[in-house]
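Just dropping this structure here.
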Amino acid sequence: MANGGGGHDALRFYLTKTAQFVFVLATTLLGLVAVTFFIGRIVPIDPVLAIVGDRAPPAVYARVRQELGLDLPLIQQFWIYLRKAVTGDFGNSVLTTNPVMTDIANTFPATFELATLGTLIGTLIGIPLGVLAAVKRGSLIDQFVRFIGLAGYSIPIFWLGLMSLLLFYAKLGWVPGPGRIDVTYSYLYTPVTNIVLLDTAMQGQWDAFWDAVSHIILPACLLGYFSLAYISRMTRSFMLNELAQEYVIAARVKGLSEMRVIWRHALRNAAVPLVTVIALSYANLLEGSVLTETVFAWPGLGQYITNSLQNADMNAVLGGTLVIGTVFVLLNLVSDLLYRLLDPRTR
Amino acid sequence: MAGAPPLPQPSGLRAWLLSAEPNSRWQARLGRGYLGWRSFTKNPLAVLGLGIVVLLLFVALFADFIAPYSPVIGGDLRTQRLLPPSETFWLGTDDQARDIFSRIIYGSRITLFVIVLVSIIATPIGLLVGTVSGYLGGWVDTVLMRITDIFLAFPRLVLALAFVAALGPGIENAVIAIAITSWPPYARIARAETLMIRNSDFIAAVKLQGASTPRIIFGHVVPLCISSLIVRVTLDMAGIILTAAGLGFLGLGAQPPSPEWGAMVATGRNYLIDQWWVAAMPGLAIFVVSLGFNLLGDGLRDVLDPKAAK
Amino acid sequence: MIMLDIQNLNVVFGTGRLRVDAVKDVSFTVKRGEAYGLVGESGSGKSTVLRAICGLAPITGGRVLVDGRQVTTPRDKTFYRTVQMVFQDPYASLHPRHTVDRTLSEPLAIHGEKDAEARILQALKEVGLGPSFRFRYPHQLSGGQRQRIAIARALILRPKVLLLDEPTSALDASVQAEILNLLDDLRRKMELTYILVSHDLAVVAHLCERLLVMRHGEAVEETTAEALRSGKASNEYTQSLIQASQGFTRKPSQATAIAG
Amino acid sequence: MKPLLEVEDLRVRFHLRTGTIEAVRGVSFQLGRERLGIVGESGSGKSQTGRAILGLTPPPGEVTAKRLAFDGIDLQTASKRTLREMRGGRISMVMQDPKYSLNPVMTIGEQIIEAYQAHAKTGRAEARDKALAMLEAVKMRDPQRVFSLYPHEVSGGMGQRAMIAMMLVTDPDLLIADEPTSALDVTVSMEVLRILDELVSERGMGLIFISHDLKLVSSFCDRVLVMYAGRVVEELEAKNLREAKHPYTQGLMRCLPTLANDVHPLPTLNRDPSWAL
Amino acid sequence: ATPPDTLVHAWQIDDIISLDPAEIFEFSSSEIAGNTYERLINYDIKDVSKIYGEVAESWTVSDDGKTYTFKIRQNKKFASGNPLTAEDVVFSLQRAVILDKSPAFILGQFGFDKNNVKDKIKQTGPYEFTMETDKAYAPTFVLYCLTSTVASIVDKKLTMQNEKDGDLGYNWLKTHYAGSGPFSIRDWKANEVVVLERNPNYEKKAPLARVIYRHIKETATQRLLLEKGDVDIARNLNPEEIAAVSKNPDIKVDSAPKGTVWYLGLNQKNPNLAKPEVRKALKYLVDYAAIADTIMKYKGEVHQAFLPKGYLGAINDNPYKLDVAKAKDLLAQAGLKDGFSVTMDTTSRPETTGIAQAIQSTFAQAGVKLELIPGDNKQTLTKYRARQHDIYIGEWGSDYQDPNSNADTFAANDDNSDNAKAKPLAWRNAWDPGPLTAKTRAAVMERDAEKRAQMYEELQKAVLDDGPFVIFLQKIEVAAERKNVDGFVMGPSFDTNSVAQAKKN
């Protein structure tokens, strides 16, 4: 096979890859903007109402409508929106009056913090569980993992959330109540990244840090449980697949310990598709934790978008959707890169 | 609870079914179904799953006869409201003094409706998009996968909420919204599967017989993707019921007083701590039905999915 | 009477870094009723030649004439009625979810043939299988039986040319003999033209009159079965193939020098 | 001389939902430091015999034998630990297809080192030298380069040689080769066989060579077991293969086309149900 | 537990969209404004009819009833330290009119607009100014309007320091604070928290150093927090939760009726609903008492007239009760013996759906098939405002403490055409109240309080009898408090819920 001109080819390869990624990102975002925008305009909710309220006199109403540009043709509105969006200006949120970007910068870190921890918990527990279930297929532990998974799929998250609050907070008092941090600590540090754990740790406010940790632990475990349900199940099926491969037998033939065969050979291979699964579950937590956020009074992006949507705050909805879309595409990219890293065949 | 008990088979019929040399396509098909059924029934959990699903069907069908009270008309607000489970009200009553048991019984119809509708909308869309894009490749693939990605990258709830908002609330629209948000993963699966088989020799063989592209896709590619998709869809059932519940939770699902389980749980959340049965009972129903579908899906995977059967 | 005329066939896959010249300037002709062999090591482009003829691989250069007419891209229906192919792996070449009946009725349906019923039974008989196989799925058949079905499928449209891509290499020796006999038989009965690809010289020599030795996508030499038998191959590479097909020899030989 | 491997009445059963399959039904043989071939058609139980010896019968399978001993050690009663030390250390196996039997996400070098370190307590540097030496021993042209390649980056022949290097790096006394060349080109497979051959003659290793290619086995091995439906139907010296008594062996020999004589039609095998009894 | 000098509320505060008093029109922001800003005049929450000056020391009304002269208290200071003078008051009133945000009409209805307000509201001395209305309205009407949030006094100096492009500091004040109330606003994080801090310049210094409003959407979560003592007051508990926590010895329940009524709006464009008998029949088909005693226990009491209890002229006898037989009779008279089908737009809040379902089942008893159309708040409102509903169920809270606020919307409709400018509730339900409109207009001009009250009674009776509104409850606000909380006072409107003198023992 021709392998000449390696350096030049490699450069071109990466350039094409980058161009491809930019293209994917751009088209996906454009699609997102377009769909959301037009949905926003056909939704039978009057966005002006959200701003001026029910009692406003007609003159005020008309003025605001014009201010919002709602009297322009749809295409023109879209064009204006797009032009502004490119410069990072998504307009102001009606509900919070802040620029949408500021709001997202405030709410996204909360969700990010929660989802990241949740995914971490789900991954760290889910993978070993899945591996165990696959290795001991049909055994009690396999049934257990299956049950955990099933329960994770079928229990309404708000139910579990409230029940766990009732148990761990109200009855046992192991964790503090809903919210990100206790009011006593909330002014001890200055929000920089808005990721409380990071901010408090960086500013050396350890009391506040531990308080934040104790606040996040329950909702994170809850989200972790749901991602665990998915991850353990997928791990199990990938592991079953890998364990049936010839190379596993070859590894046994070499006289390797069963531990090494499972964790180093089989799991190392199962990790390749798992990366995608974890990324997917992470993305789901980032976008889908609305209900958890509601129960735990967690001022996150999910709540923000839902609330905005219900109030026809379309700027906020669009902005939020774009952020989630971007995160999604980025996660795709990262999992793609990891995939390449983990699987030499795709390099 | 077991599913339909296997009828005592007259040995003649059985022999006919298992005949190694069926005489007609029909006999062959029945025989094959019988074999599948036999291997399926060897898996007790799968049978349990099937039992639950059959029970759901049965309950939905005969709700009128099973339910002791009306699902929508409540009793006396002053005396019959939020009663705990008792002999008169097996599962207690809700905030409108309605019998929860009767509501759950009638709610099975809605659940069934949601499940069936979502699967017959989302599965074909996913299947079509996935197989076409996987088989044709090139720019068709690029375009279709971009669209899939866009729908995938959409926050599900936003999309569902938006659709419900655009179409107006109500269970039908909730179903459409859920369907619209759930096809992309199916498309992905179907595409991955198609990519695996599109270069296989048996596809080359039909091509060599001059088969047209639609013929290949629908006659040869689709049947191979469909089984893993069916498995996936049954496994998704729980998620679908819960998404419907989630929409109900946000007030966009079924309209009151219809006894939709998710909406019932959502209402019950107001009484979660003291009148636990209001949310727990329909929640349990959701759990059991999801469990049923999951077990069934697992069992079907063994019967249908050639890869898992290996 | 020339049935197949291949001239300066070139097949290139991919571009740039991924470019593979799978077939380079290969020419040969096959007369009607003749069986022609292609041999060579793995990756030498044998299958690609067959696939290029029937349109499963792109013809990047050269000409392919079937029955005197140059093939069109995409191939038309008459082409498929003239040329059919049998694949190497009997496990992969049948649709796992279609019964034998469905597999065999598919070509008939595509070409709008009538009395499918009779023709399917007829085709099964031709490949030595009874009607009892009609409603079986591939996984209920042995490798040899599958290969017979694949041959039946290829023959059911009554083609003139059969392209055989290692039809026996996945099969046991005993089954291989049955299939080879069947192919021999059918050729005589139906006046078929064969192109047979195999890495087994003995198989090619058994079935074919003439053969082409390929290596790295190029034709090394064209020779005859007779020549092989008498060990008269002029080319060194052909010699080493003959050598290897004799089984293992303990004395060091030139085979070592060539392979790898 | 005490035989290296003693197998008596080896049976492998699979208990499946649909019933029990007996894949190997009472196989007995002894092996010294020699080349023993096992032939038979697909599904006759060759591979299962080989795997049972290593204790690697897949899960639903059950193995019984009157005696299964390696170098006097009873493999049936040996502890897991002994078995593991035996595996790879003293008994090794080369499998059919390098494409599937090498771990796709580890470099070839790593895999060889791992095999070596599983049995020899050595440092990494030494293991590395040993691995390179082994790659050299299997006639790899550029061991340094191959060492750091991934399995998908080498050709089938190279992969199979790497596999052999990996399995022989611990200097085992017995090597089971399960169709080690059937995935390779004729010319390449000759080369691989030559390497195996040299190793046997130079190190005095015992070799079980499993194949369905009678011609190959007869020319490569000293002794041949012919298996049919889980049984050994015939055992004979390789050079006497032409004088095989069993009709199955005879049939197999005859139905191969050869360059030497052109028979039309080829004789085929008529299976006699009594063979399987 | 919460710090002893800090009062923590758990409350759904996601309705806050602005902290500028000229714009505030929502429940939670009104309450916050009430505790952080002062108004010119205020009323006694125990007896609404008693009006007193807050920033104003005294006032006089000219004989023609059009000119009001206010004297301002001296020595008042804003939280910023700036002195509060007539200049600030005039600025605040003018500013509200000029900005013309949603609540501006409360002032605007006296004939002020952007162009004339500078002439109509004039400073006449350092601590004195005059206000000139276009007509001789009932003084109670004018004064009550001045008690609403929109008439809060903002710190002119501070606000104008933050002015940008002639916005009168609007963009700044939306998220900041420039008042003189007992507390100042330290921080507002949308959907998360509002933090108030004691204003050291306020003369009657608040006992608490800090008041925190935490946004807790889930009522069950609010309850858990309250029971654990991690909040001091839970504001949104539902009846069952209140019943449960009231058994807790550490918790007490406090409540106050609000100037808000629950009602059904019957769209007169629907031919069935347009029949007077049908309107009346539906009024007999609501089980008022059962709803108030069960679903809405603690949260509402039966009330059927459009003026809430406590308002001037409010009538409190509730003539209707569930009477299916009578309703059937009436329906038969209307030619609808077998009932009819009709839809009701219902917001998806649990309270609303609960009531709606209860009504649905009593309607059904007389054969009226009611189909509920759930939607979120804004969506249902959009439809309501376009007069596309059949029946609408919702709440109506009066904009200011004067009876005209509700009379104007329930009993008056100047133009019933589709593109009318004003869209009162009567218009939204396509109802032409006929002579009632003129009566409403007259009542607001009546300067004799006694007579005025009588006129409103008449209006209420007329609407009660024939209007397209089935008013069934007056809203009660409930708060569950920890026992140690003292002095959190709930008034008849949200901006009179006061933490000014609250403390924790």
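A few comments on the model shown:
Order of writing sets the labels: A, B, C, D and E. Residues in every chain begin at 1.
Following the convention adopted for this analysis, contacts are C-beta pairs under 8 Å (C-beta built on N, C-alpha and C of every residue); 3 or more make two chains touch, one makes a residue touch a chain.
This one's a predicted model, so the numbers in the text were calculated from it and none came from an experiment.
At the centre of the protein atoms shown, by the Cα-centroid criterion, sits A. When the interfaces B-E and A-B are ranked by how many C-beta pairs touch across them, A-B comes first.
Averaging Cα coordinates per chain places chain A and chain D 51 Å apart. Taking each chain's centre as the average of its CA atoms, chain B and chain C sit 46 Å apart. With each centre defined as the average position of its C-alpha atoms, the distance from chain C to chain E rounds to 88 Å. With centres defined as mean CA coordinates, chain D is found 31 Å away from chain C.
Chain contacts: chain A has residues 43-45, 162, 166, 310 touching two or more partner chains.
Multi-chain contact residues of chain E (touching two or more other chains) are listed as 218, 220, 224, 376, 379.
Counting partners per residue, chain B has 165, 168, 250, 269, 272-273 as the residues that reach two or more other chains. By the touch criterion stated above, chain B contacts chain C in their complex at residues 20-22, 25, 27-28, 31-32, 200-202, 204-212, 215, 219-220, 223-224, 306. Those residues of chain E lying in contact with chain A across their complex are 2-3, 6, 8, 14, 17-18, 25-26, 100-105, 108, 174-175, 189-193, 212, 214-218, 220-221, 224-225, 227-228, 230, 376-379, 381-383, 385, 399, 421-423.
Across the complex, chain E is touched by residues 43-46, 49-60, 63, 93-98, 103, 106-107, 162, 165-166, 169-170, 173, 176-179, 183-184, 186, 294-297, 299, 303-304, 307, 310-312 of chain A.
Those residues of chain A that touch chain D in the complex are listed here as 137, 245-247, 249-257, 260, 265, 268-269, 272, 342-345. By the touch criterion stated above, chain B contacts chain A in their complex at residues 146-147, 149-150, 152-158, 161-163, 165-166, 168, 235, 238-239, 241-242, 245-246, 249-250, 262, 265, 269, 272-273, 279, 283, 286-287, 290-291, 294, 298, 310.
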